[in-house]
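A, B, C and D label the chains in the order they appear, each numbered from 1.
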Amino acid sequence: MAISKETKTRPASDGAEFLRPSEQLTDDQLVDLYRDIHLIRRFSERQVEEFESGRMPGGLHPGHGHEAISAAVPRAVRPSDYLNGTHRSQNGILALRGVSFRRLWAEVFGRETGINGGRRGVDLMGTFEDDIRVWAHNPVLGHNAGIATGAALALQLDERDEVIVCLIGDGASVCGTVWEACFFAGIRKLPIVYAVENNMVAYTTRFEDMSPIENISDRASAFGFPGQLVDGNDALAVLDAVHTAAERARRGEGPTLLELKTYRFVGHFIGDPQVYRTREEVSEARKSDPLHLFEALLRDRGLLDDAAVTNIHHENLERIDAGLAEAMLDPFPNPADALSRTYRSGTYPMGYSS
Amino acid sequence: MAISKETKTRPASDGAEFLRPSEQLTDDQLVDLYRDIHLIRRFSERQVEEFESGRMPGGLHPGHGHEAISAAVPRAVRPSDYLNGTHRSQNGILALRGVSFRRLWAEVFGRETGINGGRRGVDLMGTFEDDIRVWAHNPVLGHNAGIATGAALALQLDERDEVIVCLIGDGASVCGTVWEACFFAGIRKLPIVYAVENNMVAYTTRFEDMSPIENISDRASAFGFPGQLVDGNDALAVLDAVHTAAERARRGEGPTLLELKTYRFVGHFIGDPQVYRTREEVSEARKSDPLHLFEALLRDRGLLDDAAVTNIHHENLERIDAGLAEAMLDPFPNPADALSRTYRSGTYPMGYSS
Amino acid sequence: MSQEHQTEVERTMAELNFFDAVKRALREEMANDDRVMCIGEDIRSHGGPYGTTKGLMELYGEKRVIDTPIIESAFFDAAVGLSLMGWRPVVDLMAADFITLCVDQVIHGASHYPFMFDVQIPLTIRGPIGGGLRFTASQEKSLEAMIANFPGLIIVYPSSALDAYGLLKSAIRSNDPCIVFEHKLLYFYSVSDEFPEDEFTIPLGEAAVKRTGTDLTIVSWGWPVRESVKAAEVLSETEGIEVEVVDLRTLRPMDRATILESVKKTNRAMVVTEAHRFGSMGAEVAATIQEFGFDDLDAPVARLGAPEYPIPFSAPIQDAYLMTADKILQTIKELLV
Amino acid sequence: MSQEHQTEVERTMAELNFFDAVKRALREEMANDDRVMCIGEDIRSHGGPYGTTKGLMELYGEKRVIDTPIIESAFFDAAVGLSLMGWRPVVDLMAADFITLCVDQVIHGASHYPFMFDVQIPLTIRGPIGGGLRFTASQEKSLEAMIANFPGLIIVYPSSALDAYGLLKSAIRSNDPCIVFEHKLLYFYSVSDEFPEDEFTIPLGEAAVKRTGTDLTIVSWGWPVRESVKAAEVLSETEGIEVEVVDLRTLRPMDRATILESVKKTNRAMVVTEAHRFGSMGAEVAATIQEFGFDDLDAPVARLGAPEYPIPFSAPIQDAYLMTADKILQTIKELLV
């Protein structure tokens, strides 16, 4: 499952200089990145706890293992760039883009104050608010890529210098609309980065059983833009690759297809018996836990010690739990208000609300 | 528009010996192939004449320029193999697989005796009759490839030694379902040949304006099977490439993506002002008219002379017109019968025919 | 109510046919608002299969008239993305039937997002619909019923040049996703109206009485409205029966008031659709009339629609499928004479 | 008529819940006919999202239980191709909502080909449908109306374990393309019936009277049938109102005779749907009743359905959306008391 060191630095485009913004990070920024990775993990763990306690309604698809991606992507681009996560990475990205834990938890628990007024719930939350720019994902797989491609087209038409990074699951990456969207983006050299969170599994389907080729990144040649294989458990590798691809897009050179190889440590959903893989495989993969890898790196570099780690863990948990406590006091949405949200153009003469 | 000689013989798979069945054709077979190419051209021309006279209802998308493909494909495979044409190649392939001109013309003129009982008309006719095996094409672009892939799956599951050759337009080849189908066929190594009739245009859209890469055949690497660029105006090149790919599929080695480069000499439909290309471009392309190229080749080899050509042309026209004359005497379908064709499972209690 | 509107229209200048009316609406809306754009297949040089978008690129530039490959699924997704970025895309389908290829996003994107995310999806989808040109079932079907059950959508289906113009403009200006069906025979037979020189719009969700009468109300939309009016004229002359024809024009939201007002007067109703009866929007009309106008009805609401087979090619079986003045006339005679 | 069927069923052996009934039907049909196969996502090891196909691969082999990537469009195309080659595919949709991704081929392939080409397309599509599990609108919608207007299709929507079993078997044996909707709450709440040991089938196109009554006919399908019966029991006890509940079971073709027979007796009818009222199959039922049973009706056919917003997550707004015995009861009280 682990990626060899050679592959991860394969340049995104021949000839282009391979920038390594990760090398320019200050010590503080590195520690902040660690804080983010842990924050996302902890948030997800707390959701699982709430879910298993029976307090939390709906479905839950935790992103344990994907945190290097969720944490590095927002840092790899400008705050004004657009992001579009998957069901694994979206919640973490929202938190890192400044959405309060109160709003996030409120959505999880179906409160009026939730990021979507309680209408979407934990798995599907997102927003199109302009000061957040983390686009909601469409639960019908594949369409995120299509919609994000439309956003990239808008950025191009308006000659803006933002780009959009669209995350896609390995399973979702074969949906027809994704191929179509990539092809179209290739024609128009749209300012978009397609980044596949390849966790080697889609629901119960192992990647190797459902792919005729070894690397998703190799599909890019069908679209006329570069593909790159990246160690998705290495936050700095993700940071560098996404940054490079985003800058390429910003320069008007078009899309990149990144394959961020990672692993889903937990089941597809809580309660998944995971018959499609062995315990050993999971333990083996856990050796490349992005949280532990990054912690080890920073300890190596002398940027973290036990006390610092404990402190960060403690602070993160406090932030998450404070938001939870607030959210639980928030009101539920009112059915009477729901009706007025369906249409935006004011009241039509009659009949439609019947 | 012409393809250089190097590209057309690029082998379908590395290492596999490149068979050239065309070299084994007897003189008679070569002349027969010429006869077929002409027959298809003439049939199409007669349709245009009927259409322009105002006698023929509906739409018409003639295949002038595609005849090397329509004629060579049926000869490249076994009579028991399945074929699936496009709106350009289908009618010719049907005729070459033994459907009488009476049945074809009867369909064109909406008669009960037409290949589809007059229900489909010229553009959409086809059949699933087992002794013909030229599958009807679905007018919603892309789905032919999906349905043909299902047929290939059936052939694999039943361990049959037939294969299916699915022709696809260059425009249609980017529809989502085509990518999905190819990907699936790549996973299962299905016995199918995807052959794109790349006539460099889709409706009014020039290929070079709507493709981020030069050759469609290069897309095959995304599916894990070989791609091959072929001169689609050279009947023997098509024959060899389709044969090789079909045999590969028959051996269980999986699909091939062939790109048969050709040119559509006429408009997308009768009356198309063709603003998207110049007269010069069309005249230039007509220099590679597959009919003339093949005639010249056989004249070179001493297999055809003026008399033989005149004779073939005459015989072909007679066959076509005899079928037309018969068909025009055939009855129209009866609306009362139409109703009983909708369902196959006998009569349901009530209500559905209201 | 459109009757007022139509009297206003009488002080007119020029005659426009359906095709030119659509063209004028597109041009004006693109001129009025530089966020309006068109996206689809072969719309630049060719103007789409019927030429309605022809010339727009020359007038408004390459940015606002985007050609795509044959990717109905992704280009509709893209239109949703464009909408979310403040554009107002007018999506061009070559055939309305191809909405089947993007209906997922019409429902799960366009119709859901405004409710779920407090956003606007101000897009319009235009699609040539209906039979009569022998293109057969995959390009000549009726499909309004396919999307009618989904809140958040607006479905427009004009039957005249004036309506096509005024409603398309309203659809483009609407902040809700609108689907506009344009019946191909209306292009083909160059159906014309007198047009005022000044711009105007027709509100979404308002039906129009296209002929007044006292004996029976026909509710219809699209091409069959014209056949209904034709049948009504004949019945008036030959039988002295006066049929009122209500043209829904917008199917969702449906103008219940205008329908019920008419039925109150005539006490009899018939829905005429090109669609198959079973499961069509004609069922909604009939259900609505009986539900809210039960006491006004002297007889059940009748329904007239296509036979239960996909629309085929050959003349006798395609003709038997299509809705004609003659069928309408015969049915009304059976009902009333 | 199913009433006979149900008395026959009374000499039974075992109890099966809805989930096991579906499983048993699949197993038996695969055992009976080796051309029956299943195709879909994650059906081999996982048995699909609810486990209904679990174990089939072990029993019937890899050839007859095919996992695919997430390619709803192409795998449905493939099922059409398989059908044309003599297989009888049972296509597994993870959520019925995803029929939006292959509805093009459901219509332009499965429903058209038999008519156009004189072939059989003996495929079955199964999809878990409906709300109540807080998955929200893209996985909890009602979509039967989306495909109801297309001749050539058969639409099945059982509300009990017995019906699910008998109808799924009939669908698989049918030579027409059948869409079978399985309401998720029927899995979830483990709704059970007594089952005979011997195999049986229930004919497509026959409704069933699930409760007899004399005062009002409810026509419904799927989960709301159970809520209707519940409401009817309460009304019987508390108000002495006897409600008859007709479960359509098959939506297309619709069993008009059973509906009309019931209305003839009760003289009042109400359609209860989980779908939004507007444009739903409830409209077809109401239109049909008034059309063919006009003189039997003492009052308009009422319709009860979901409010006009996509089904959301949070309890109060999702609950307000769903159809419950309580809503049915209140509405009937308003109508009759």
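Here is the rule we go by: contacts are C-beta pairs under 8 Å (C-beta built on N, C-alpha and C of every residue); 3 or more make two chains touch, one makes a residue touch a chain.
All values reported here derive from a predicted model rather than from experimental measurement.
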item	value
Chain whose average C-alpha position is farthest from chain B's own	A
Result of counting contacting C-beta pairs for A-C and B-C, higher pair	A-C
Chain centre separation (chain A, chain D; CA means) in Å	37
For chain A paired with chain C, centre-to-centre distance based on mean C-alpha positions, whole Å	41
Averaged-CA centre spacing for the pair chain D and chain C, given as whole angstrom	31
Multi-chain contact residues (two or more partners), chain B	117, 119-120, 138-140, 174-177, 180, 183, 187, 209-211, 338, 341-342, 351-352, 354
For chain D, residues that touch 2 or more chains besides their own	68-69, 71, 73-74, 97-98, 100-101, 104, 108, 115-116, 136, 138, 151-152, 252, 254, 278, 288, 308-310, 312
For the chain D and chain A complex, residues of the former touching the latter	41-42, 44-46, 67-74, 97-98, 100-101, 133-136, 138-139, 277-278, 307-310, 312-317, 319-320
Chain C-touching residues of chain D, taken from the complex the two chains share	97-98, 100-101, 103-104, 107-108, 111-112, 115-116, 136-138, 141-143, 145-152, 252, 254, 275-276, 278-284, 286-288, 290-292, 294, 297, 299-303, 308-310, 312
Chain B contact footprint on chain A (complex, rising order)	174-177, 179-180, 183, 186-187, 209-213, 218-219, 221-225
Chain C contact footprint on chain A (complex, rising order)	116-117, 119-120, 126-128, 135-136, 138-140, 143, 145-155, 157-158, 176-177, 180-181, 183-184, 187, 338, 341-345, 348-352, 354
Of all residues in chain B, those that touch chain C in their complex	57-59, 110-111, 114, 117-121, 124, 138-142, 171-172, 174-176, 202-205, 209-211, 275-276, 332-335, 338-339, 341-342, 351-354
